[in-house]
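Comments concern the structure below.
Naming follows writing order (A, B, C and D), and every chain is counted from residue 1.
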Amino acid sequence: MSKEAVLKYNTEIPTLGPAKTTTPLGHTKYVDESQPQSLIMTPEELAELENDTVTMHFEKAGPRKKIYFDPSKTKCAIVTCGGICPGINDVIRALVLEAHFNYNIRTVLGIRNGFRGFIPKYGYDVMELTPERVTNIHHFGGTILGTSRELQDPAEIVDSLERLNINVLFVIGGDGSMRAAKAIMDETFRRKRKISVIGIPKTIDNDINFITRSFGFDTAVGKATEAIQCAHVEATGVDMGVGLVKLMGREAGFIAAQATLALQEVNFLLVPEVKFSLEGENGFLAALERRLDSRKHAVIVCAEGAGQDLMCEKIKRDESGNPELGDICGLLMQRIREYFEKRGKECTLKFIDPSYIIRSVAANAADRVYCTFLGQQAVHAAMAGKTGMVVTHLKSSMVHLPLDLVALKRRSLNPHSDYWCTVMESTGQESYFLT
Amino acid sequence: MSKEAVLKYNTEIPTLGPAKTTTPLGHTKYVDESQPQSLIMTPEELAELENDTVTMHFEKAGPRKKIYFDPSKTKCAIVTCGGICPGINDVIRALVLEAHFNYNIRTVLGIRNGFRGFIPKYGYDVMELTPERVTNIHHFGGTILGTSRELQDPAEIVDSLERLNINVLFVIGGDGSMRAAKAIMDETFRRKRKISVIGIPKTIDNDINFITRSFGFDTAVGKATEAIQCAHVEATGVDMGVGLVKLMGREAGFIAAQATLALQEVNFLLVPEVKFSLEGENGFLAALERRLDSRKHAVIVCAEGAGQDLMCEKIKRDESGNPELGDICGLLMQRIREYFEKRGKECTLKFIDPSYIIRSVAANAADRVYCTFLGQQAVHAAMAGKTGMVVTHLKSSMVHLPLDLVALKRRSLNPHSDYWCTVMESTGQESYFLT
Amino acid sequence: MSKEAVLKYNTEIPTLGPAKTTTPLGHTKYVDESQPQSLIMTPEELAELENDTVTMHFEKAGPRKKIYFDPSKTKCAIVTCGGICPGINDVIRALVLEAHFNYNIRTVLGIRNGFRGFIPKYGYDVMELTPERVTNIHHFGGTILGTSRELQDPAEIVDSLERLNINVLFVIGGDGSMRAAKAIMDETFRRKRKISVIGIPKTIDNDINFITRSFGFDTAVGKATEAIQCAHVEATGVDMGVGLVKLMGREAGFIAAQATLALQEVNFLLVPEVKFSLEGENGFLAALERRLDSRKHAVIVCAEGAGQDLMCEKIKRDESGNPELGDICGLLMQRIREYFEKRGKECTLKFIDPSYIIRSVAANAADRVYCTFLGQQAVHAAMAGKTGMVVTHLKSSMVHLPLDLVALKRRSLNPHSDYWCTVMESTGQESYFLT
Amino acid sequence: MSKEAVLKYNTEIPTLGPAKTTTPLGHTKYVDESQPQSLIMTPEELAELENDTVTMHFEKAGPRKKIYFDPSKTKCAIVTCGGICPGINDVIRALVLEAHFNYNIRTVLGIRNGFRGFIPKYGYDVMELTPERVTNIHHFGGTILGTSRELQDPAEIVDSLERLNINVLFVIGGDGSMRAAKAIMDETFRRKRKISVIGIPKTIDNDINFITRSFGFDTAVGKATEAIQCAHVEATGVDMGVGLVKLMGREAGFIAAQATLALQEVNFLLVPEVKFSLEGENGFLAALERRLDSRKHAVIVCAEGAGQDLMCEKIKRDESGNPELGDICGLLMQRIREYFEKRGKECTLKFIDPSYIIRSVAANAADRVYCTFLGQQAVHAAMAGKTGMVVTHLKSSMVHLPLDLVALKRRSLNPHSDYWCTVMESTGQESYFLT
């Protein structure tokens, strides 16, 4: 392992200074900081992380007996950035309830419409987040604060934090927002301002480094299976029926794979991580034909980022800097139709794109529990004077991770993993069309 | 009223002959055929029907004390045609359970893949429909029999009915299939075969003449509201957000209107029955801009057949003979983007097309009840020797209608009705952009 | 028919005076009061109503061109009374949105905790009901206003209406509350106060006279079928399994009957309207034994008011004056267990009481549509100067009914109706144990 | 640590003999048996396990390159025992599909009604489990095989396995059934029969030793939150309203605690692991009074096994040998009513017992994924010649555990854990009434 690799897996968390105030929590038990959480990484995980340290040590999440901030003088802010996913309102609610009821913090401000809310020229007011205001918001998808995609100048953001006298900033957003949170923290350090910046990683694609389960993922998978079930009904409702479902997954097919496992009605799963060819004996189209000849119907699930190499269009980038994807499902539909028409075979193709339905529903119970944990632990971490970090669930433990780590790169499915084998067993997909 | 109009509202039901067999039902009460169901039509309904007979008389649905067929010698068949909608399996199940348990009919055959299943060249086997086979099918959307869109030669179909010794044919399908059922009946009359042909009208658009509520409509509306709620979440999640939902409705906006009433989050409703212009002070785009300027978000619901006059493409027809619709939502998205770009205004547009999800889900409880009624009453009618008719709910009564009536034309929303006023009150839509 | 019977079906609606103000609605179409809605009653309905007037005439619901109240000076109040059911918040929301957006009424007050909210000694504040306050309440069951069961002195209530300068009072409640609304109207007449009192009948049992479908009923039936499905799973999961589900229905088994039709997995349906014996060859227990011997499982649905004659306990009354029911399900469980034990037969009995789950969920789409109609039409009626009435759906038309009529008596299932025959066909229940 | 403790955490898996047959799977990757899964236990986990071995080693689950059984000659059987919970049909389906499609095993038999199905005197036929038979069963709760509670003689069971020529037996059941599976394995060893006995632990209480998440638990929690939401609606719908929800949990309050975290509307959580007193300044009743005085409503969640020490009744045992629990919710209702009546305070109490609804629903997507894993890995283990073991998820890895370990004792909530602190933070429950 190179020295650089070792450096990049530094799991130490920055702090604002020594914790001297006694927490108001009155718990029977607090986290003992001298005992880190040790976790053994599997060979697969090490490969994914490009690391070879089998036993890694992480700071445990949880309440501390001594805290850094005096709750009576602490003012928090919450900002939500990027696309929506289930559970954002649950995290907001958990942050507010924890800060209010357990730490007696009187002021939590909601910043409107993402990082824009910090920038005066947009003219957005902040929203006072009281327990009354947030009590029912978990019954709704989206974010009550609104969101936006673009990043803003960290200096302007810290100006705004100073103006508002914010001590703690919670940033709920994707990996771009986590990098922005890091830049905000760097700016607070530069100015020697004691502001804690805590990230709560949000990604419906479940592709943030080190974060094996992002909030909202479980809900998204559940909703995705409903769409696949509909595709199955459509496909089996006619002779030679094909149901094609597009699911989220720009660079990682986690939702598609997990939903495939959940329903076990999927015959072909196409994800960004596994290249495939359309033509030829071993290509997707011939495999689809064999399936239809023998079983008279087929269900295809395609992650939006799959098969990008099959398209010759130039890649553009959107405002967040993400590449604009080519329309793989459009291509598949065209080529499937041409293929069967040319062979004089019937084929009734129905296309379902449930993306905006999936990402805008309210969180299910499992995600609610997870969001509650994330919110509570994020407040504990902030009050203890931690900064530049996120809270996450890792191998059954809640731990702190430095922002550096989660923003380092994106996770993706490992096509050589046990998990992928299980998925392939579920589809019965002929592996040979996958090059 | 012209003579032709009077003729077309002949509500008499054809019969195969006198009912002489005693029913095995053992009920305390049977339908008295000498007492028709009289219903008073409202002025709006008369206008819709292009009729002026205020009080109309209909044959009541229900069990008869004397029946035409001897149950022990009766063989039934069921065929499902056209697109799927919620509740088809419920109707199949109700037909089978009623025939089996209440009339002791031993054989009910399922014809595979629509009218094709009658045609030898396709080589589809029939499916034996026992109570065991159908006991759980109502938990699934679609049709266990499969379906197809094209019509087939009535003579070939009656050949097949004769070959299979079918006495009763239940046709579940849209208005095209109802016309086909009529043609099949005509052919049985021509051949002097005593075969009862009973239609169960199926249309997710709820646009069959005289049928104010088609089965599956209630479920479809419920599912549509979920998609609208998602569009609302998307629209309110960003500044200047617009959620656009495409709903079914080729020539009639019933689902779109009813879902609009259910959720009351819709700001613009576009249906085929009401023309509108895009441009100009009173056009849709300027109205949308005013809405966004004042409220910062908007939800648009568009029935697929709306605004067809705004497109210059030539109209093609699909295999069922239905015109292929222009892509109104594609046009709206393009024009909305151009409009706001030209004005230098932001506008984040999200498009949701839940059509295949809506039509492929299982029926809800209300539709299950309705499908149970339809199935039971259809069996009662067939066993009584009725033919060339459908069963429907009309002003709180279950009645028989001649196939002629339901196949005559399609229903559509009346933009001068109380109902439409209520819908408009719910959207708060500026009426002046509607020409 | 006696003279008294004719009197009781007087369908004329009291008014506060001539309507002279022009409505702000700007509709293309208004209700023409000179044309009543005529409806033909079926023989069954006439029997149920104890009436013999075949064609009845009702005042149509809907907006009037001339209204009685000046919207700019009108103040409304809403009170919710009795037990909760799905849709109350939808009605509140529809009332507020209609009053605010379509009539520009500035003040709608919510009275807290039922009629108590009018009585000073309880000290409850009123709740200002703005569009913002009610915008999301339809996503929740129950009532945001709170409720209570007891009636209060009409004079005290009218004192309070005068103190608050209320012009229009909407009372959402059961038949007891409708009688109370009538008493309030009488008191306003006595004092010559121009206050419109409009009732919106609420009854989860669906047992209000003339009201064939009360709001929330459809949702309740849907939720009830889920519980029955669970009972079916429990019953079929073991050998000789019995699932017993208790449903609402003190004097009328409508929910139980409709849910039975929806699921078609119910083998025995027990309702208050049909007496049955437990013992003897033709009794329930022997019928259950025959069912278990032949099919190895059984599902029983029992309305809470069924079989009251089988219990010898004295009848008490609760605070609303309703008789306290004996525990029929407790009795059934005890007697079933004894019966099978005595015969040395196995029988695994599971009991499900979903009552509080059914009544506290949010309304489904169909009920939301209905509540929207009820709310809008109630505001139209009030603004037109009507009083002492309710709005309802009757044979596909929205009409006004005098409070007198709906409060006259309760509806119940007619065991000689076509509907009941259909239900019995669905259960396959042996009729002979029903005396 | 004593020698006995070390022995009990022997994680070695018994095998039937060397694996010599090549698997038909054709995977790119197989489990390397020389590399066990090492996991680091936290201090809390060690305390729970009464163990002090920080790093434990487990056999990895997954496909082996060499297998013990020849698939073409292998016959499997599945039996389901004890109470139902969500996901049993998913496990059955996954076992059958994996055996059939991936190993080409031709015969999988379903044993009817639990262990009884092996005993000739009951006369139950076996059920042939083909892919067609199981394809849709995951849409239904319960078990298609039926179940029973009593244990049967292991010798009679092995007689039956021999008679049916079964090579692999999958036992889906609770800890009693796992002990029975162990006894069956012991009997096969005694007779030197090469029969693999694989357990799939099932417990809706989530209380099986070492199994941190049992299948169906996630679904149960989700369903439980719906009931709690209803209790919240009931409690807030009246002044001084109390909603009491009884949840499963005979000796462990996992469902109650997790559902409490999910909804965050629970004010009092009572579980078997934490004793409490009713009376006195620090008792539950006084705490409830304080809550009602300040907030006017309260939601209580009570696991069925809570507060058993408060009842003086003698403990009976049911047929599975489990103690019959006293009716804690009945006691709470009585005492709450008495308490408030004595103080002349109002209190409207609603009780919801959703137990049979929770356990009989179909599994949600997350549980479906988990059941798929369990089923696939169980087949892999059996085919590799493993026996006397279960498959489970442990700290993000799928591993094998000896039946000895899981049957050793039951898990329960640790009231000194971080998890419980988080739960208490969510309720805001006054800790001092908990002794």
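Just so it is clear, a residue touches a chain if its C-beta (ideal position, glycine included) is under 8 Å from a C-beta of that chain, and two chains touch if they have at least 3 such contacts.
In this text the structure is predicted, and so the values were computed from the model without any measurement.
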- Item | A-D or A-C - the one linked by more C-beta pairs in contact | A-D
- Query: Compared with chain A, which chain's mean CA position is the farthest off?
  - Reply: C
- Per the C-alpha means, the centres of chain C and chain D lie apart by a whole-Å value of 41
- Item | Whole-Å gap separating chain A and chain D, where each centre is the average of the chain's CA atoms | 30
- Taking each chain's centre as the mean position of its Cα atoms, how many Å separate chain A from chain C? 46
- Task: Check each residue of chain C and list the ones that touch at least two other chains.
- Result: 140
- In the complex of these two chains, what residues of chain C are touching chain D? 84, 113, 116, 124, 140-143, 146-148, 226-227, 229-231, 233-234, 236-239, 243, 350-354, 356-357, 360-361
- Query: Residues of chain A touching chain C in their complex?
  - Reply: 136, 139-140
- Where on chain D is chain A touching in the complex? 25-29, 31, 35, 37-40, 42-43, 55, 62-63, 93-94, 97-98, 101-102, 138, 212, 218, 221-222, 224-225, 258-259, 261-264, 364-366, 368-369, 372-373, 376, 395-398, 416-418, 421-422, 425-426, 428, 431
